[in-house]
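Paired with chain B in one complex and with chain C in the other, chain A is shared by the two complexes that follow.
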Partner chain A sequence: MTPLAASRLTLTGIGLLVLLVVATGHGSSAMPPLRVIAALLGEGTRMDEVIVWTLRLPRICLAVLCGMALALAGALLQRVTRNPMAAPSILGVTDGAAFGVVAFLWVFSDAGNSLTVSIHWQPMAAALGAFAFAGIVAVMVRLDPAGKGPLRMILYGVALAALAKAMVTLMMILGPVYRASQALTWITGSVGAAHWSDVMILAAGLLLCVPVLWLMRHDLRQLSLDPESAFSSGLSTGRSQAAFLALSVLLTALAVSQVGAVGFIGLIAPHAARLLHGQFTPGYLASTALIGGALLLGADTLARTVAPPLELPAGALTALVGAPLFLWLLMKGRAVHA
Partner chain B sequence: MPDPLAQLRGASACYDANVALNAVDIDLPEGRIIALCGPNGSGKSTALRVMRGLHAPAAGQVEVAGRPISDWTARDLALQIAMLSQSPEAPGELSVSDLVLLGRFAHRGRFGGVSKSDTQARDRALAVTELEALRDRPIGQLSGGQLQRAWIAMTLAQDAPRIFLDEPTNHLDIAHAFEVLDLLRWLNRSEARGIVVVLHDLNMAMRYADHVVLFDKGRIAAQGATREVMTEITIERVFGIRCRLVSIPGQTLPTLVPLPKSERAFDTGQDAAE
Partner chain C sequence: MQDAKLLTKTIGNVNRPTMTHPLPAHLLWLFLTLAISAAASLHLGLTVYDPATVLGALRGGDETEASLIIATLRVPRTLIAMTTGAALALSGLLMQTVTRNPLAEPGLLGINAGAAFAVTIGVTLFGMSGLFAIGLLALCGAVAATALVFGIALSVGPAAAPANTLLAGVTVAAMLGSLTQVMLLIDETAMESLLFWLMGGFADRGIGPLWIGVPVLTLGLAGTLLLAPALDALRLDDDSARSIGVHVAATRLAALGLGALLAAGAVAMAGPVVFLGLVAPHLARRICGPTPSVASHALLACLLGATLAVLADIVARLIVAPGEAPIGAVLALIGVPVLVALLRKRAEVAL
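Now for the complex of A and B:
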């Protein structure tokens, strides 16, 4: 990595850390950054440490890690589809995952509002839903004679995302009342109730991705060529496309199973990383992940502090930034050269 | 006799229901400049794509560089044959140098970074295509001719002993087209690389190719040494035109001159002049 790229990456990382400290200080009992740092280092008062370590930090870490997972999923999707408008929430993957989770809760809950199976199956259900919807989009694109165009793919994705969202909404409304309280989480996404165990699951998933992505970094760069040129240069295009798609769907499912259908992080973060870092500069994925983490953390912090005691869904805030970006990309119309 | 570069026996290929290549037998010799010519839609590009593994044949045998095409892995085939397709695409923000380095994919391991042989191959490809001054420029800012040269440089950096090119002179003016073909000839003569190139311009084919395969409606009209294939009678039959092969003083090779279907076409201009 060049010194310039390394320093950009370091700056982005520092930005995320600063945001993390500020976000930890924000809340019903506000704490100045120095007190937050003291508590983080174990030098604070007992009260501060409880607030930081038990109440705030799990939620903050969860937001950062889910943001990272969604951002990486978006960067992979954009590269594989060679479409800058692609993102998990736009291709129906995010809402498909949410559908998987809601269907899981529906099927495996008893009347007493408790699950009849372990909650650890939830990410699996999210993955199944995500794969199902991603699969439907892929099949439709393939069956459509004009489906190779970048816009058709987006149209299929948007339509299927709407379908999944509608099914999630219907299941929440038609389901027993006690489930409706969770509705907001699964429809728009929220980091609400976070535990350290959730954080650990996500951290483990992301850590597993790091060596895989590093080993496949040449393949990922090669996919920016059109498929024929990529194949002619020696890439097994079908295999690597499938691998990155699967990885992207898994990352999305992992995030959605924890925080619900937060949209647009996977669209915004890779574009921000292109501007701040460069798509072909080593460290692009790291930059994307850091920005994605900061985005969801920022959105969640705003969501819980803008109108207390009300909590906005973080997904509504990310959509507020993401939807205009999507429209801008659409109008710019240079969709082919991802 | 050495192994042929490619050997097709009864090879057919289709796009959906359209037959593009109809049970053809083709033999391509190693180490030559081979031109694939023919009218639009005659199957020349399809034949090239079939031989490079980009399009699966519907029937027949296809053997390339000594092995059936289906036995090659993408990487091994890339080490043997580089290919420049008709309209390659890459993001406009990619620099010329980075694009050329993408041609090194088949040589790079999963663990290492850019090796010395990678940078050497890249620099050589940039030098040969005279792109050194533009190496850091994003390819989105290149002119048509420069962009085509950048893609050729990427293909060269692959360091394969054989290079396939699908209409590399498309969208190039006559000077740039000659430059590209001169480069191909240099690669063949001084580096002994086998070249197979789809060409529209028959005069270009006659001037640069050692061997020509002439396609007509998905079949082979003629194949062999350039002089034997490119005759007035064959060209008239395949393209449905009238033509003459004219010798120009000082030129060893004849030049193909297409003639209008009716002599009247010449006369109309005269009245206007008077």
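Now for the complex of A and C:
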């Protein structure tokens, strides 16, 4: 890594840390950054430490980690599909995962409205739903008489996402109220209720992905070549594409099972990282993850502080940034046909 | 091979006996279907009434609970469903014809979302209320969203127009939906009433919205029939339309304006409802062949849209009884397969 790239990456990391401290300070009782840092380091008052460590930090860590997972998923999808407009929420993966979660809550709750199996199966259900919808989109693109254009994939994704959303809504109403309130967060996404155990699951999942990405980093780079060159440079294109797709779907499912269907992070973060670093530098994925974490954290913090006690879903705010970006990409046009 | 297939297809369509005298027969049976659906809509629901009760309620006079429910709840929602469905179908048809894009539809293109956003702004920021103000706001929003979406799609270039218009529309709809959510936070009292309306649906809206819906639908239908010859000519391509004396730009603007007006009327009545404008014209095309004249296509699409809306409304109140499913979720179950089928048609959505 060149010194310049390294320093940019460090700056992004520092930016995320600053945001983290600011976000921890914001809330119903505001705390200046110094008190937050003191509490984080275990030097603050008892009261501050309770607020920081048990009330705010789980939610903040969850937002950062989910943002990272969604951003990485987006970066992988864009690389594998060679389509700068691809993102888990646009290809129907996010809503598929949400469908998996709601279906899980629906099937496995008893008459008393409590779950009959452990809630920790929820990420598994999200993964199943995400894989199912990603698979349907892939099959539709493959069967499409017009061939595999980058736009076709997105069109089918948009259609399937609408279907998944409708099924989520219907299932929420079909189920008792308890399920609806549990499932409600998955419509637009929210990191409202967070516990350290959720954070641990997510962190473990992300940590598992890192060595895989590291081992396959050359494949990922070769994939950005055109198909022929990638093949002739010794890459087994199909296999690595499948592997990265699976990884991307898993990361999405992991995030969605915790915070719901937050859209557009997987679209915004890779593009922001590309602006900062260029997409072929070693720091690209790392900075994508950092930016994704910062994005979701920023959106969630805004969402809970803009009009207390009401809370916006974080997904509403990410859409405000992501939708114009998508339109801009669409208008740039040429990139899509590359 | 492909050409031969296409040729047989075309010949098949020309030979289809329904091409010469199809319209009255089609209109008749569609009208009957609509009448049966509407009658079913009065009978079915959380409590199912027998025909005698329904007839009694329609005649008025008796003050039983049953006739009260039928007269004040079921009749209005059936009428609103019919008007909204017809308006959205017509709006979708106009947009599809004028842009030669089978995917155009006020819901998917974000035009309903634009109308809903404008109404939300008016209510939360300026405290506007009243049916007329809401209708006017919806119209402003719908026109602005139409201009925005088609403007974006045009700037992308005509090569991939249908797909780009759809993507631009879906994204604009997502953005406007988010903005609407943000606006709702400003005024909590408005939020209560707006949230219900923003869900989209035909229930519990009273008979009042028809004062907007019926004139808008009448105006839209009359305008469409007036524009029909020019629209027929536009279906080929701009140059041949121009050569037979059609003002291409003016016709296109007028038709898009009518489409926006119809969508605004529908949104003012029932909130944003998606997919109806996509499915109804498509089904109409299935019934009367791929290239019906615009006038007959419009009539068929209106009837089909009204029928679909009433049927979807019946499904919405039956599948999750005693609750009510949002009409958008029910319509998506029909609309998505139609959308996918349209995407798979190579000839129409060439990329």
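Simple rule for what comes next: the second predicted complex is superposed on the first by the 331 of 338 C-alpha atoms of A that agree within 3 Å, B and C clash if a C-alpha of one lies under 4 Å from a C-alpha of the other, contacts with A are read in each partner's own complex, and residues count from 1 in each chain.
Please note the rule applied: a contact is a pair of C-beta atoms (placed from the backbone, for glycine too) under 8 Å apart; a residue touches a chain by one contact, two chains touch by 3 or more.
Given the structure is predicted, the values throughout are model-derived calculations rather than measurements.
A.B. asks: Since both structures carry chain A, what do chain B and chain C do when superposed there: clash or fit?
C.D. replies: Here the two partners, once superposed via chain A, fit next to each other without clashing.
A.B. asks: So, does A:Ala307 touch the first partner chain B, the second partner chain C, both, or neither?
C.D. replies: second
A.B. asks: With the two complexes overlaid on chain A, check the angle at chain A between chain B and chain C, Cα centres, nearest 10°.
C.D. replies: Spelled out: centre of chain A as vertex, angle of 90 degrees.
A.B. asks: With both complexes overlaid on chain A, does A:Thr2 touch chain B (first), chain C (second), both or neither?
C.D. replies: Touch status of A:Thr2: no partner.
A.B. asks: Is A:Ser197 in contact with chain B, with chain C, with both, or with neither (first, second, both, neither)?
C.D. replies: neither
A.B. asks: Figure out whether A:Thr54 sits in contact with chain B (first) or chain C (second), or with both, or with neither.
C.D. replies: Neither partner.
A.B. asks: Between chain B (first) and chain C (second), which, if any, makes contact with A:Ala159: first, second, both or neither?
C.D. replies: second
A.B. asks: So, does A:Arg221 touch the first partner chain B, the second partner chain C, both, or neither?
C.D. replies: first
A.B. asks: Between chain B and chain C, which makes contact with more of the residues in chain A?
C.D. replies: More residues of chain A are touched by C.
A.B. asks: Determine, under the contact definition given at the top, whether A:Thr237 touches first (chain B), second (chain C), both, or neither.
C.D. replies: first
A.B. asks: With both complexes overlaid on chain A, does A:Ser29 touch chain B (first), chain C (second), both or neither?
C.D. replies: neither
A.B. asks: On the combined arrangement from the superposition, state the nearest Cα-Cα distance between chain B and chain C in Å.
C.D. replies: 10 Å.
A.B. asks: Identify the overlap between the chain B-contacting and the chain C-contacting residues of chain A.
C.D. replies: Touching chain B in the first complex and chain C in the second, no residue of chain A appears in both lists.
A.B. asks: Touching residues of chain B toward chain A in the complex: what are they?
C.D. replies: Checking each residue of chain B against chain A gives 52-54, 73-75, 77-79, 82-85, 87-95, 98, 102-103, 105-106, 108, 110-111, 140, 154, 158.
A.B. asks: Can you list the residues on chain C that touch chain A in the complex?
C.D. replies: Against chain A, chain C makes touches at 152, 155-157, 160, 163-164, 166-168, 170-172, 174-175, 177-179, 181-182, 185-186, 188, 274, 319-320, 323-326, 328-330, 332-333, 335-336, 339-340, 343-344, 346, 349-351.
A.B. asks: Which chain A residues qualify as touching chain B in the complex?
C.D. replies: It comes out as residues 82, 215-216, 218, 221-222, 224-226, 228-229, 231-237, 274, 278-280, 336-338.
A.B. asks: Which of the residues in chain A come into contact with chain C in the complex?
C.D. replies: It comes out as residues 140, 143-146, 149, 151-152, 154-156, 158-160, 162-163, 165-167, 169-170, 173-174, 188, 263, 306-307, 310, 312-313, 315-317, 319-320, 323-324, 326-327, 330-331, 333.
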